[in-house]
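Shared chain: chain A. Partners: chain B in the first complex, chain C in the second.
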Partner chain A sequence: MSARRIPWTLLIFLALLPLPWIGSRYQTFLGTEIAIDALFAVSLNLLLGTTGLVSFGHVAYFGIGSYVCGILMKTYGLPFVLAFPAAGLGAALFAVVFGFFCVRLTKIYFAMLTLAFSQIVWAVCFKWNAVTGGDQGIADVPFPNMHWMASLPYVGDLNINGRFYLLSLVLVAVCIAAIGQITRSPFGRMLTAIRDNRERAAFIGLNVRAYELSVFVVAGGFAGLSGALYGIFNRGVFPDYVFWPKSAEVMIMTILGGMNYFWGPTVGAFVLVWLNQEITNYTQYWPAVLGSILLILLFALPGGILGGLARGGAALRRLLAGRGDA
Partner chain B sequence: MLEITGLHKSFAGFVAVNEVSLTVAERQIVAVIGPNGAGKSTFFNLITGHLRPDGGRVMLNGRDVTGIAPHRICALGMGRSFQLTNIFPRLTVFENVQAALLAHRGKGRDFLSRAEAMFRDETMALLASIGLASQAGTVAGVLAYGNQKQLELGIALASDPKVLLLDEPTAGMSANETHETIALLERIAEQRGLTLLFTEHDMEVVFRIAHKIAVLYQGRKLAEGAPEEVRANADVRRVYLGGHA
Partner chain C sequence: MTASLLVGQFLSGLTTSMFLFLIASGLSLVFGVMRVLNFAHGSFYMIGAYLAWQVVTWLHPVGEAFWPAALAAGLGVAVLGAVVERLLLRHLYGLDELYQLLFTYALVLILGDAAKYLWGTGQLSVHRPPVLDGGFQLVGNTVPYYNLFIIAVGPAIAITVGLVLSRTAAGRMLRAASADREMLDAMGANVGLIYTGMFAVSSFLAGLAGALITPMESIVPGMDVQVIVQAFIVVVIGGLGSFWGTFWGAMIYGQVLSFGILILPEFSLFSVFALMAVVLIVRPWGLFGRPIR
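Entry: the complex of A and B
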C-alpha cells in the first residue's frame, strides 16, 4: 500500500515552477489565478469531499481573507508577511463564530445557514464604506515587497508578475501540502468516517459537531489565505469576492475535478479558469457555457474529471487483461 | 452493571416504550424479545443516547447516563450495533475498524501523523477474530450483508466496550453465518468478560445463549426471567412465542 506513494504536491509544484520563464505573460497570469483558485477549491473540498459538509457559503472566508489582507496592506501599510497570516487567522476566527451555529444543523439546513452567513458578510462589505470601501472596494492593494527575490539566481530576471506567480505558487503548494497531511492523518480519517455515517461516527466515540466545527475552521482559514492572494493578484478587493456566485463557482470547480479525489479540485480549478478564458474570447455567454458544463458533469461525469479518468483507466486495464488472457 | 428504571418514550402520543425497567448484571447475557414494533429498537436507542427518554433513568456502573450524547456513552464503555447495518460504506473494511480504534485511543485529534499504518496489527487481529481478515482491503459498502453485520460487530468491539448492545446481530444472515456469529459472540463475551444485551428474532439463538430474557409487547415489559421461566409464561406464549416453544 505505502510503497507506491508518489509525492504529488512536490511533483506538481516542480512542474509548474518554470512557467514564468517558459510561458508567456498571459500564461503566467492564468497560472497565478489557477493556483489561487486551486487552494480555494481544495479548502472547500476539506468540507465537501472529506467530511461530507455542503457549504454554500465558503466564499465568506475567502472574502474575509482578501479584505483583511487588503485593508492591512493598503490602509495600514502592513507588510505582506504579517497581512497574509492575519488573513488566514481572521477568516478562521469568523469560521469559529459562524461554524458554531452551522454545525448545529445538518444537510440542506447546514448549507442554507452557511449561505446566509456569507450573504451577511457580503452585505457588510458592501455597505461599510469607512472600512471596506463599500461598493467601490479597496483599489490598488500593493504587491508584497519582492525586492529580496532580485538576489536569487534566475528569479532576479523576472518582472513583478512572474515573481508574484512564484510567491503564490510556493504559498499555495505549502498550504495544499498541509491540507493533504490533514486529510491523511487520523483526524482526517475521523472526518471521512463522519462523512460516511454520522450516527455510527458518534458511536465510535466521536463528538461529531466538535469535529465538524474544527474542520470548518481549518477550511475557512485556508480559504482566507487564498482570498488574501486573490486580492493582491487582482490589485484590489471588491464585494464580488464575497458574493455567492463565487461560492457556486468554487463548488463547480471542486465537483468538476472530482470531489472524491484530493487533486480533483485543483484539476477543476485548472479546467474552469482555462475554459473561462478561452470561451470569453469567442462568446460573452460564459454563464450559459458554465451551465452546460454543469449538465454534462451531472449526467455524463458523475465522479468529475478524475472520476471519469479512473473509470476509463480501469476499463482499459480490463480490456488489456482480457486480451492477455485470450 | 446496567440498571434501567421506568424508561419511557412516546412519539406524538404513541407510546413506544412504556415504563420499562431492566437490570443487567456484569457478564450477563440478556435478550430482549418481542414481536415487530414492540419497541425493542427504541428501547436500545434510549439506552445509548440516540433518543432522549421522556422519563426514567439509565445507570451504567452506578453512573447516571440518561440522555447523554452517544459519543460520551461510548467513551464510558458501552458499545452497540444497529438493526439496519451501520458501517462506514466508503471506507475499506480495514479502515472501518481502524477508525474505531483511533477514536477509542484518543488519536482522533492527531493531525500530524499518517493514519495509514497506525494500529495495523491490532486492526488485523480484530478482523481475524471476526473472520474478515481476507477482506481487509475491500470497500465496506460492497460486502455481502452478513459480512457487513460482522464488520459492525468489529467496529463495536474496537471501542473495547464493557457492555455491548446488539440490535438483531444476525438479521439477514444465512443459517451458517448466524451460527458463526453467535459462536463468535459467545467466545468474545467469554474472553473479554463482556456484558451483552441483545434483541433477536431467532428463538433458537435466544434460548441457547441468553442467561435472562425480557419480553416486550406494545412497549411494555410483559415478562422477565430465566429462559425456562419465560418459556413457561402463559402471557408470553399467547402473544409471542406461539408455535416456537
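Entry: the complex of A and C
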C-alpha cells in the first residue's frame, strides 16, 4: 500500500485550485465553506474513526479557535499570520485541560463530559459580554491582509472572496495532509489499536490515556484552526458556533462520508454543505431533511457514502468475476 | 438579603426542580433500563405541549379543558414513543451507542420541523385552569397555586414510580431487564415488550410535563433543545439511571440556578454546567448513582 500510495491530498488540492477562475462566485463561496467544514470533520475523525472516541463536544475547540482568532484580529488588530496559529494553539491548550479529565472516562461518560465542557465554553461565550460580545458575538471580523497576492500572476485578478478561497484551500490542504501523516504514523497505528481493543492495547504496555489525551489535543488544535477560518469566512463569531447541535452536525458529516475512511469526513462535508444549499432553495425544512438523511444512513448505509461505494464496488467485482464461487 | 427574597428564590427554584424532575425521570428511566441516552426526550416534551394546546383549543379555550388536554397530551406522546421504539429504535440495540445517540438526534430534527409545520413558529399559550387561579401570600411573596400544584405533582410521581419499581412484578421485570437483558429473555420474559412499555412510559412523562408547563411558559419552537440540556444536567448530577438520584439532581439544579442568579447573575448558566462537569469528573455515575459495568 505504501509503495504506490496515491497522493490524494495533492490531487484533490490541484483539482480544486482553479475553482475561483472557472466557477461562479456562488460556487467559490460554497467551496470555501466545504473546505473549512472538511478540516473540522477530518479533525473530529481523528477521535471518532481513528481512535474510537465519541466526542460530543468537539465544537468547543472549533468555537475557541474562532473566538481567539476573531478577538485577536478584531479587538487587538493582530495580523492573520499571528491570529491563525494562536487560534490552533488556544484550542489545543483548552483541549489539554478538558481532555485530561475526559480521557479518564470511557464510552457514554466520555461523550457526556465532552458535551459538558463544550456547554461550559458556550455559556462563557454567551455571557462574557466584555470579551466575547455575549449573545451578539463579534461582528465584522476583518479579512486577512491579502494584498501581497496582487503581485502574483493570475491571482491578482481575483476579488477578495476568491483570494480567501485560495488561502483557505492551501491552509486546509496542509492541515489535512498533516492529519494524514499522523494517521499513518506509528502513533496513528497505536490509536487504531486502542480503538480496536482498548484492554489489549493497555495490556501490551501502551499508556492508553496518554495516547488518547495526545490525539484529543491534536484534534482540538486542528478544530481550532478550522474555527478560525470559519469566523473570518462568516465575517463574525457567534455563540452558536459553540452550541451543541453544531457538534452533532459535524458528527453527521463524518459519518455520512464514512468514518472508517480518511476521506470520509471530507466527502460528508461536501455532500452536506451542497445539499443544504440546494434544499434550502426549495424548503425551509432543512432540519427534517437532515434528520431523514441521518435515518437512512443509520438503517441503510451504516458505513457512510464511501462504505456504500466500497461495498458496491466489491459486489460489482464479484459479478464481473463470474459466478465461480456462487 | 431579606427572608422574603430567600423564600422567594427557594420557591422558584423548587418549582423549577420539581418540574425538571418530571421530565428528567423519564430520561433517567430509559437510560437505566435500556442504556439509551434519548436526545428526543425534549422533543417529546415539546410535542406534549403543542398537543395540550391543540386539545384545549378544540374543547374550549377556557374552563377545565386543561385537565383532559394534559392527559391526552401524555397519552398521545406515549403512543408516539411506542411507535418510534417498535418501528425504529429496536433495530439499533446491539450497536455502538454512537448510533443510538444519532438516531435520537435525527428524531430531534424531524420532530422539531414537524411541530413547526403543524403549529407554526409563533408563540402559543394556554390559560391556567380556573381551579388553580390566583395564589397566596408567603413572607411577602405571591405564590401562585399552580406553582404549588407543580411542586406537589413532582414528588407524587416520584413516589408512585418509586413504589412501582420496588414493589410490583412489573417493576421487578424492569430491574431484571436492566441487570441482564439476555438472561431475562432466556427465562421466557418478553423483553421486547418491556422495552416498548418502558419507552412509552418515559414518553408519557415527557408529554405530561410538556402539557403541565403550558400555563407557566409560552410554547415556542426551540423549547425542545432548551429543556433537554437542562434534563441532561439533572440526570448527570443525580446519576443516570438512578431514580432517586434524578430527584436530588433536580433539587440541586433548581436551587443552584435560582440562587446563582441572585449571587452571580452573569454566571448562573456557567455554574450549572460547571457543576455537571465536576460531578462527571469526580463521580461519573452521579452523586446518587452506582457505577455501571
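Assume the second predicted complex is superposed on the first by the 320 of 326 C-alpha atoms of A that agree within 3 Å, B and C clash if a C-alpha of one lies under 4 Å from a C-alpha of the other, contacts with A are read in each partner's own complex, and residues count from 1 in each chain.
In this text, contacts are C-beta pairs under 8 Å (C-beta built on N, C-alpha and C of every residue); 3 or more make two chains touch, one makes a residue touch a chain.
What you see is a predicted model, and the numbers here were worked out from it, not measured in a lab.
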Touching partner for A:Phe56 - first (chain B), second (chain C), both, neither: second
Touching partner for A:Trp244 - first (chain B), second (chain C), both, neither: second
Chain B versus chain C as contact partner of A:Thr192, first or second or both or neither: first
Which superposed partner A:Ile182 touches (first chain B, second chain C, both, neither): first
Chain A residues touched by each partner, larger count belonging to chain B or chain C: C
First (chain B), second (chain C), both or neither touched by A:Tyr211: first
Partner chain in contact with A:Pro153 - chain B first, chain C second, else both or neither: neither
First, second, both or neither for A:Arg200, with chain B first and chain C second: first
On chain A, positions contacted by chain B and by chain C: none
In the complex, chain B residues that touch chain A: 48, 50, 69-71, 74-75, 79-80, 82, 86-91, 95, 98-100, 102-104, 107-118, 155-156, 158-159
Sites on chain A touched by chain B in the complex: 1-2, 181-182, 184-190, 192-193, 195-197, 199-208, 211, 214
Chain A contact footprint on chain C (complex, rising order): 35, 37, 88, 91-92, 96-99, 101-103, 105-110, 112-114, 116-117, 225, 229, 232, 236, 266-267, 269-270, 273-274, 276-277, 280-281, 284-285
Complex contacts: residues of chain A adjacent to chain C: 48, 54, 56, 101, 104-105, 107-109, 111-113, 115-117, 119-120, 123-124, 126-128, 244-245, 248, 251-252, 255, 285, 287-288, 290-292, 294-295, 298-299, 302
